[in-house]
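Pasting a structure below so you can have a look.
For reference, chains read A, B, C and D in written order, and residue numbers begin at 1 within each chain.
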């Protein structure tokens, strides 16, 4: 028995709001009946809005990994070359998945401390004179490192190189948290999942598909069935799915669509940006280092923090879990035990962030990690400096008798 | 606004009990943390019990269609021949899926009015002298027709033919409703889903895997990543998954595992059998025909009913939905608009069945379909005849003064 | 472990719809904060609509018994004479409560087989020349017998007698199920509870108060604190309460208010009337007797059924509970073990009623109670005869080829 | 749309844990059926354990105010004198309620900055030579001021004075949060409510009753019906209630009973004490004043803070609500707008407290209230100093290479 609410501060799954959990907690309905069509149409249309695309969106009952696979098997053929930018662990996992599917991924290995470098991509594409590269794959927000890649610039790199490769972007941990513009940025396949900015439990994934990608699917020869876009088309047009969808998660998705619309996507993005800045203010004040070294790439969604040399990030995380009932993200592969990750995404607010950062600060203390106190205070300053608008009570609180004390 | 509870009497998704919905309605947890390991281990171990196997079970965040795909891509290579018995629409869909994946399905086309014929399978396998057939695929409970295939006899057919093909069985709509014995029956891959006898919303699927199938997976060359059994092995051994699992549905699964254990699988099977018999008693009394013509193959899970010639099953279903807020299953492909299907599975009891059959009987009347009244009365007789044990109140109810009236 | 859904067919608490349970399942809020004011105002305003009054409504965190007490202590003084019509057990309980509070109830004892007799009331009031009777108390829908009293006629009786007594009406099991018009009928205090037609769990109760009753409260000298209307006035005017309200039940109440508005009160009343008629058709067909002997008084909310002589109603109810997981209402005091009561109120529909009546019919059989089969069939006929409008699928179901079979 | 979780930091209703909300979200059952008896018995027995009494406990569907009334009307007669110690607003409300019921409360008016003074009580009782005082009423934890009264010492005061008055103690905001020992301390009537330490939504209240109080009830002549203990006795003995109980809240109560048992009451009390100390460390560091001036009386449940002269507590609270989505308690009557109250009770943990205190600190800043920074840091120090046991990860975190940095 642990009293109070667990702080789930991994960079996804994020904290699922009660409205969404409660929406999921309604009886499953007939997925072939007329009432379902409204559910399906709202979900598909709503996701188009969130992806900012007028193109097609498909929804899978699967984790985000499935949507990676779907993007590839629908558009590519055995042995196709794909250019993948390794911003971190998840980009690497995606390239490994491509390989398992019979593609030939070629990887630009970054240093895991920044987003993708458009110049490096452009250079590589210019060298690909015969256009043997069929797709360029980039992770928008690399969840393992907390670095955001400049997708619009990657698009410009492809254009500058005059290269016809498809542009595929993993938005799994950015969609609904970081500004993403599928059509405006010329992305061909956007890949996402339910358990991050969309605030749902895991179990749904998404592809947003440009016309160019849709055309490419006609000639793609990788085998596919479950992931087939083509099979989705006719049933989706009426709000249905070719096989039993994850109905109750779709209830939750529709609630999420409403919630994001109520807050306004721009406000959602600003909120995440503000929390990211506050989290980094803490890290700096503690005298620790943010893994992402390039300031403009730092993520609004999570902050990966380098442990001081000689200290175990995993032991520190075990301490915060044991002492403060808070889950933090671990370092993955190359940075295992070297970083911990603070998730500050989804259904999140200032006081949840303060509780989170307090847990980190106390965890550092309890685990004997060297740090300077005052990280949380720095975050509170940052939150104060960036609060929008005037505190409605501020004038009033100075109150009835001016000049007191 | 429709008052009262919807009757979801399609043959799956079945009615999800409150205990399971409420279990799903708990906050998502860290799928890499120590608390999750208990969730994962319980789910995996519990599913082994339900499949009645000491072998491996894997759990996917996907619909059952995904588990069909998983069974094939993990064990087979491009161009492999598979023998598939077409008991109905779902068996046909599975063979179509096999084809899309680059396999060569060979189909024994049944008449859709009985389960698979073991003799036909044996005959075909005997003719396959060079063992070019790598797998035999059978649907245990054909959801489109309401026919159960005799899996133990199919096993005996393979053995009699001395054929080494893998035996793959779709238990999607039978697991947790109809007796299924993975190990005893020598099934190599069992395929299932969450939304039928397991009483969950859709979104989870399963493979139960024999050692032989596990060995076959080593040489299988169909591309696979999301569905890879191999990737599951190491994380599953500790209760984890290689990618983000559908955590909240796993909460529900563990509740389902508890509920099935509390009732006892044998009692669950007996309950379904009894309700199937009662439903068929109604159909017979109405003067209508059960689609499944072979009595011993009739399903305890659903009853597909042939409409009288010249009457539309879909129009009848629209009537029951409009007038009685009840969803019935439609006829699929070959029997579209010719049959309707009554689901009587999952979290279900006598009075829910009576309400269901009353809705069918009144729907027949309202839709102008010729029928004889008294179907529901016949079901009530059947339910009375098959109730186990003595009514505890029976003696007492005759009560205080004997011989009255 | 009992599979499937329990049939809660007592005459209240009624089956709580998922929408209401889920609304209750939201975090408790600050009952003094601005967000609460909206909750409170909606509840108070919504209840005025349901009571059909432009006067005051107060809401208590209590069972309906508390609202009985509140009606009396706010308007009367020690030793005051009240005229109470004993339609059944609950009317008797109310008079007993009045006595305990120091009032002098005078009871017109009915035969428990009809509603209140306005003529008897008029006669008694005419005899009360000095107007020593301060209040007339009548139960609108007597939950113990299934008899509805003609409130408008009772009002006319008071008027005809020229008697100034307050008219108090218990609408606990009628509000939201049976037409009730507080203002039009000139009721002074209406008393209700949450767990019947309002479809909520128990825990809220209500007083609807005429101006005359409000004036009477000024001079009333029975001690009161928790129940004091006066204390409610100022906080209620802004949507607040004088002490901590049952916040989460108020969430549910507001959902109920929405649901009743969506269906439309007139439709809700018609639905209940239709189900009452169908239930009585069953009873008649079984050859059993409805307790309420006066046809025009028979309740749309519940049907109390007389057991054949020599048979125990409680043993029969034990049988239906054990065999069919259905709760029926028991006979109370004078009719204990002599009647059972079928609740058909609240969030209820045709197939739930059919399931219920099937359970009664099978229970009669199992318990060895003499009855004629065919009760459920009679209900189905009644439901067919009274269904509103044309079945949308009826024409279509006769379908493609006319004249078949 | 406000993102993230509301911080409900009023001193009750406290944050309701998901386990309890979800327990409440189950279908209402027959409150006269056999399954209910188990619910009722568990609730009654469990509450005896929490009150630490072997005597009787009764449960009302009402707010805590109702339980105040119940304590008085069951034990006293019109015109009885009761000695009430005014520790704050709620003690005053209780005396006002006594007066409305026809009792003659005599009040020892404290300064609202400490708990009750046992010496003052003893002195007054000694002066009451003819024992005209029938009851002594004390609030254990005064929710309006954050002061705890020493009940064991009050008991000793009665004994020292040799006075036979009943001792009645309001434990509404202490039960389940602060050590309370009904039998050991010789309390005659304990009064409590569901929405504080019991972690439920409001709607249930309690009386714990000594044998002496039970005897007194026989001669008590205040009118009572709803609140009558006597009516409870027979049905309670079997787990039932004399009128419809608030069934779903009882489901929640039973979950709360389990949760408190799982954590252990001693651990629950220690947790609250530790959080109280940490909250006060913040207040002191801010340079503000805790309302409760007597250190040993300061509440583990809430901290009332005096605003600097000339600043409005309500305007400050409006600021924290607007800027940080946190509800704080207001000052009541005598200290209206002069204090704000921080609730730190119920289902609560270290990081929730840190988030809360961060909200207060930022609110002070935003509202222009003079304060010294560092309050939250002081709380974090306090939490560190008082954490029980060794952080499990502490040694490990210093980790692999000792002496680094």
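The rule we apply is simple: contacts are C-beta pairs under 8 Å (C-beta built on N, C-alpha and C of every residue); 3 or more make two chains touch, one makes a residue touch a chain.
Please read all numbers here as calculations on a predicted model, not as lab measurements.
> How big is the rotation, 0 to 180°, that puts the C-alpha atoms of chain B on those of chain C, in steps of 5?
Between chain B and chain C the superposing rotation measures out at 180 degrees.
> Measuring between Cα centroids, what's the chain most distant from chain A?
Looking at centroid distances, C is the chain farthest away.
> For chain B versus chain C, what separation do you get between their C-alpha means, in angstrom?
About 43 Å separates the centre of chain B from that of chain C.
> Taking each chain's centre as its mean C-alpha position, how far apart are chain B and chain D in Å?
Here the centre of chain D sits 53 Å away from the centre of chain B.
> Just curious, how far off is chain B from chain A if you go by their C-alpha centres, in Å?
36
> Give the residues of chain A touching no fewer than two other chains, as numbers and ranges.
5, 15, 22, 25-27
> Would you mind writing out the residues of chain B in touch with chain A in their complex?
Interface residues on the chain B side: 5-6, 8, 10, 12-13, 15-16, 21-22, 24-34, 60-66, 69, 78, 97, 100-102, 193, 195, 201-203, 222-226, 228, 242-249, 321, 327, 330.
> Could you pull out which chain C residues touch chain B in their complex?
Of all residues in chain C, those touching chain B are 1-5, 7, 15, 17, 25, 259, 262-263, 268, 271, 308-312, 315-319, 322-326, 347-352, 354-356, 358-359, 361-362, 365-370, 373-374, 376-377, 380, 383-384, 387, 391-405.
> Quick check: in the complex, which residue numbers of chain A touch chain C?
These residues of chain A touch chain C: 18, 22, 25-27.
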